[in-house]
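Okay, so subunit A shows up in both of these, paired with subunit B first and subunit C after.
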Partner chain A sequence: MSWKILKSKKKKKNAAPKPLSNQKQEQSSLFTSVKENEKEFRSIYSDCSDFILRPFLIGGKYDAILLYIEGLSNTDEIDDSVLSPLMEKNENQNDIQIGSLVKSQVAVSDVKELQTFEDCIQAISSGNPIVLVDKYKTGFSLGLTKWEKRSIEPPEAEKVIRGPREGFVETLAVNTSMIRRQIRSPKLKMQSMEIGKYTKTKVIITYIDGIVDHTLVEEVKNRLKRIDIDGILDSGVIEEFIEDHPYSPFPQMLDTERPDTVSGNLLEGRAAILVDGSPFALIVPTTFYSFLQSNEDYYSRFLIATAIRWLRFIFIIISLLLPSLYVALLTFHQEMIPTALLISMAASREQVPFPAIVEVFIMEITFEALREAGLRLPKQVGSAVSIVGALVIGEAAVSAGIVSAPMVIVVAITGIASFTVPRYSAAIAIRMIRFPLVLLAGTLGLLGVMLGLIMIIVHMSTLRSFGVPYLSPMAPMKLSEMKDTMMRAPWWKLNTRPHLTGDYNKYRQSPEQKPGPNKGKQ
Partner chain B sequence: MLEKGKISAIQLIILLYPTITATAILVLPATTGSFAKQDMWLSPIWASTFGYLSIFIAYALHKYYPQKTLIEYSEKIVGMIPGKLIGFGFLFFLLHTNGMNLRDYGEFVVGNFLQKTPIIVVVLSMAFVCAITVYGGIEVLARSSQFFFPVFVVLFLFIIVLLIPVLNPKNILPVMGEGLTPSIKGALIPSQWFNEFILISFLLPYLNKKKNAFKWGVLSVSLVMITLVITNLFSLLLFGDITSYFTYPFMDAARYISIADFLQHVELIVMALWVTGMFIKISVFYYAIVLGTAQWLGLTSYRPIVFPIGFLLVVLSIWVTPNLQKLTEFSSTTWPVYAFVFQMFIPVSLLLIAMLRKKKSN
Partner chain C sequence: MHPLLKTNILLRSIFICLLLFVLSGCWDRVEINDLAIVTGMGIDKTDEGDIELSVQIANPKAMASSGSSSGGQSDGETTVVNTVKGKTIFDARSKLQEGLSRQFFEGHNRVIFISKELAEDGIKKHVDFFARFPSPRLRANVFIVDSKASDILKVPSDFELNSAEVARELAKLKIGLNITTKDLLQQLANESGSIALPIITAEENPTGKKGLRLSGSAIFKKDKMVGQIDSALTRGVLWIRDKIEMSSVTLEPDNTEGYISFELLRSSTELIPTIKDGKWKMIVNITTEDDVVENETNLDILDPKITNKLEKQLERKVKERIQDTLDYVQKELEADIFGFGEAFHHKFPKQWEKEKDKWEEKFPKLEVEIIGEAYIRRPGRSNIPQEEQKKE
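For the complex of A and B:
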């Protein structure tokens, strides 16, 4: 496409801003004198009222300082296990090396030796207090991190009736521990890196060695390494930096708050990206069908789960097409509507001054606004909005003759249908796409809807998420994987993992585990 | 190679099946009916032999030049300048035929559904959608048609099943009352639709597993034949002798469907069927044209010429005929001969020359 070429030319004209992280940070090692170190740290942390620097004497003789940030470290532990044993006067300490003294006297399990200011700063900002001793060029970082955090709660956006109820929190260590509790094998790997010049956010790529395709892990790491930004506050920021098709409305990564979703996907050979400070993990690669699946599908009985999946498929089509079909039928193809229905529809539309397409736009946009308003409002005000929505928009608008009653039904069904999509990011994409479809329906009728649908499918066919076609296993068709997309086969039939890319570990369980009364007797 | 994508054998079938059936299901009963009368359901069977032949020729040529399309190997077989000439002729034929396809589609939509819409809008919107698909490459084309194939089949079966109550089995009699001749005469025009299977030569080089290519091609032809026999049979059983007087018998057949006073006027489903089918058909032709032109000109990428050729297609669809009647006349008189030259005569001669050359070099 020529406009792409134009765009790339434009990009070249704008001088690219200098990459941030290429400005080399000099590694400066700690001074020998504790006074100099103290001065240096005071100047680094000038105007930081939460920075605490406590000079003290080890055994009443040697100068030392303790550094930490208020609220990030466990002060009780610092007092009990660090300061009091070190400050205790002991006459025999004369000849002992101070390094080993700190190690022998401090009752902390995680002690690291640091040589440079940069390492010390990093340790302090992640909550590890530092002890620096005079005449000694090494600092000791003590693993006494403790800060206030949210307790584990049921995930708000992905509720289930059956299945684990814990959701991720903002603390990375808690999140990784929740995954580790589900997958105990040391084959569960977690590689960490830091992104963000100022936020220094810890990002973890997790996968199961032996199931995952290693080129995928490499690709994820490479893409993450390319991110050069001042700060990462949520995994959503990372998502936009590493996705394959930035201009697509469709999400190309699954975001989830649920540890069991992450574990389930890891077991299928995917990788997950966890970001410190974000309760949402990203799962790659993802296909469109993953957005239509809920965790519960795997925990409830397979027949029910299959039926529910089909219900979702039908309602996704409804949420995408119903308003545009309504417009197309009412504007262009009235003959398709059975006569009795047509008469009652015509009767209710008699007073309405707008053409169907305008009516649909008014109502659909109002509905979206109601949804958006209801999302952010405090609970007390939220009920007021719903009353206004139900009464004014439902009842009053119809009796005032501004919209017709069938239109309200269409909008209501569309709204409900769009909430059957288990993932918000996919549901909102589908909801937004229906507006252009309504426009097409209003201009070209059913033909426009067909063309719009074809465009959407063609667009989805071009998408790939980390090398996996977005519409797979439907297109390209993989019959063996239909067992977990079009239906949910019973667990004893789900013997093979889905094939994503490259080599893969095919079998997830031994075959022929179908239960029955005569099983194992023979 | 210009195209880096790969398609699977199933995708090959799914690309070729609607390519042939899309136009055929709507128009075939009328064209065969005028020659074959009540034997018209036999005609697709005779016509399909040309489909098998096309597959065979394309496959045999593919064996000699596994990595090349028809445009490329024609140069290898008959030399630079004659090869280029053949290539140009073939591309022109494809372009012209696709212009006719596009016009066919436009005439159908405007004639039956959107009477007041200018045909250029209808044609342009379809060409735009196809252009985006072709721009995406063979994989996108294959995947999107794979997604629509079940829709196509389900809608077709939907209409067929609903038609069963209104059929009159006596219309089929007498079977071969005047011998084989009428049904063979009726097979002449559809035979050229089956010959469109020569397009497989543009897809074969990009097959990921070449082992069963021939088998899949044959299966594809058989599927098309069965579909067309069913279409003809149902139109015949419904309308009898008058089938040939309709422009789109299958469409008019759908108008007969009325279930419980609720499910009626399902001809819109025929339109949905036709639009999805035509989308794949036009895209496959379009892709062959774009790929062939890029190879013919020796370009490094076919993407820059996708949209220019799209515009050419749109104007061709307007230039190709002044109205539907002329188009129908052209496609049932001149086109079969014209198509035979490019779809059968040229590939067969290429194959013969290639075989002779092979023998000589041995």
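For the complex of A and C:
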């Protein structure tokens, strides 16, 4: 029965969706009479208390209106550079000259002429005041946008010790300017589009012409064009609409708050998607290994960077496998544990009432809950949570005999290990996969763990991100790209770019730049 | 078919597959607190001729309470020794399980003690269990016990967790023989069938406490114990087998008072079998390198002349020791525990095939020549005796 109900529901749902905004709305041009225009705008913006319509007289003679939205435009500039020069009385004015009059009298750098209501609405929504003049079918949009924005701050989720400290903000123009400041060549292209029927969110695809594969850019554009939604509030929404494998737990796009990460990836021939209102840019295509790399790897010395990468590889394996190995060894393969360790583990588990697998689940879920609570709680309460958490997990649970001390150690190490993954989206995916692995370990022992690992690897190798195999350059193996995967070769050896798809610009720099005391002297 | 329906089938089949894992129902799962972790096993002979199996089982409960509460009020001993009689080892083991609330687990059994009485009747049939049954490891050390094996298991230990661990650590030091179940099985399958196993005894300290002590080796011919040798002779066996790692030699140099002690740095022994005109002969070639660790005499051992003399003397001493061992084991016990038979087999396979059956008679009469070289590598620069020399 229930299956049937589900099915019928799905069918209904399936019938419902209709394309929302794909049909082009009819463009209605502005009226000649300013009174009519005023009426029209008042009806469009009825019940919008932040909409301001200011009728005035140009030179004391001609009717005109000024339209803007409070808080989006610079009112000081409007008063000084628009209203006061226009309202000044001037004898030598003819009807015909009004168009050029606005242009000549208004001291604003960015003035656009608009013909339709739709264009006007868009201009108003993005903060450009509009001036409409009587007997004139063209509106003037003035580039006097100004709204309150967050100042540039160090990115919260991707902290570095060495490297640029600035992070993206919610304002698209600021974000693009940060990238432009790093890549000054006009080859840096930014193609803009608008997504969202109501939010009209501006989305920018950026890439470097001459490095990027143009089919990639086309593909990104096509996928973005297919999105038909009422609103985009963050790049995460876009990510779900354009990824290759929506059911996979693994992220297939690199999200970053850092302009230097975006620039670095652009220079390797990738494209980035920037979304207005979101401090997170999406980088495509992405491989699994880029989630294990921090941009700091490229700024610290290469030996150190390589060592740290290896540390991450070790700890990512620990964060994935430690709890399941613990369960498998403790309940199936006791002969694999060193004798002294086995006896001390047995001693600590003596009072624990639960089987090992239940113990693992209790502790791991508690840890995840603490992590989540610590994230969401206000700062003032956060410390309280961590104290309670540490006491509950660490001390009280052990002394009460509910969990064993080795279990606490396992959970703690696993927790710490998962935070060594530099990208939160990948770290959380690995943390979640841990749970089915524990279940497999609890039912089939090491055999189950291996089975789970094989399933994960098979799944990962089927993934593709915009045409690039997810596990490349490991599978398929590309030896020339190993220099920047398991290790980070010195910069003077990173002469070639990774090959993603299609055509690519292979050489990044001139070879043989290895420094030395007598270099270039002969 | 509708695409959504398709995913439905896919999801359903995945769900069913996942259920399969859970349906297996953890059939093999044993919680660690349901295990009786066996740390040592002992086999004795009963008066009726059956065997008596003793097992030392770790008692985690006692360790848990002594660990957590600082007072150290432990619930009994850290190990429990259970003893039961049976016709075979497994028979006894099954009987033992009847009275044990936890599952018998030999995966961590490190030591097997076999009583002398049982060893004199032959050990092959008892070792079979340890080779055939999958649970015990082949890495367990085998010891022969002078007294009852169950008594050794009950000896309390000062440093280690239990007496079985003490015995294992003693064997690991390689002062005496270090024989595991695997070695034992290999040697039993050997040409000569003669084996040597370490003997362990429980001795009372001056303080009245009991402690374990390695005391020589038991010599087996075929699989029956025929005699035993003391620690010094065991050292000789180790020399010939090229297994010696720790050894000290103390000698009194000619023409002076006091002793000089040497510590073995490294040594290598080569067994060179020869057949000349139908006469079999074994050459034992020993090269040993030593350090001087103690010098009571007034000799200046940095002087190469003196060092050469000392080397000659050391050589003689080592040869003497080996000769003592040979005299007893070869001539009196007539057991080829040195692997001479193997050496002949490897070098002269054809002759060996012919003489194989007569080896038992041949071995005691075999001529053995010991040649050796000793080197003093680090005489040490400590010059206290020399200064005395200068004063005089």
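Here is the rule we use: the second predicted complex is superposed on the first by the 503 of 522 C-alpha atoms of A that agree within 3 Å, B and C clash if a C-alpha of one lies under 4 Å from a C-alpha of the other, contacts with A are read in each partner's own complex, and residues count from 1 in each chain.
Operating definition for what follows: a residue touches a chain if its C-beta (ideal position, glycine included) is under 8 Å from a C-beta of that chain, and two chains touch if they have at least 3 such contacts.
All values reported here derive from a predicted model rather than from experimental measurement.
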{"item": "First (subunit B), second (subunit C), both or neither touched by A:I58", "value": "neither"}
{"item": "Contacts of A:L444 with subunit B and subunit C, given as first, second, both or neither", "value": "both"}
{"item": "Partner chain(s) touched by A:L282 [first = subunit B, second = subunit C, both, neither]", "value": "neither"}
{"item": "Partner chain(s) touched by A:V169 [first = subunit B, second = subunit C, both, neither]", "value": "neither"}
{"item": "Which superposed partner A:A347 touches (first subunit B, second subunit C, both, neither)", "value": "second"}
{"item": "Subunit B versus subunit C as contact partner of A:F332, first or second or both or neither", "value": "both"}
{"item": "Touched partner set for A:P355, first subunit B, second subunit C, both or neither", "value": "second"}
{"item": "Residues of subunit A at both interfaces, subunit B in one complex, subunit C in the other", "value": "332, 335, 444-445, 448"}
{"item": "Of subunit C, residues touching subunit A in the complex", "value": "4-5, 8, 21-22, 24-26, 28-33, 35, 37, 39, 58, 60-61, 63-64, 67-68, 105, 107-108, 110, 137, 161"}
{"item": "Complex contacts: residues of subunit A adjacent to subunit B", "value": "1-2, 332-333, 335-336, 338, 444-448, 450-451, 454-455, 457-459, 461-462, 469, 471, 474-477"}
{"item": "Of subunit B, residues touching subunit A in the complex", "value": "8, 10-11, 109, 113-114, 117, 121-122, 125-126, 129, 132-133, 135-136, 139-140, 142-144, 146-148, 261-262, 264-266, 268, 271-272, 275-276, 279, 303-304, 307"}
{"item": "Contact set on subunit A toward subunit C in their complex", "value": "7, 10, 14, 330-332, 334-335, 339-340, 342-352, 355-356, 399, 439-440, 442-445, 448"}
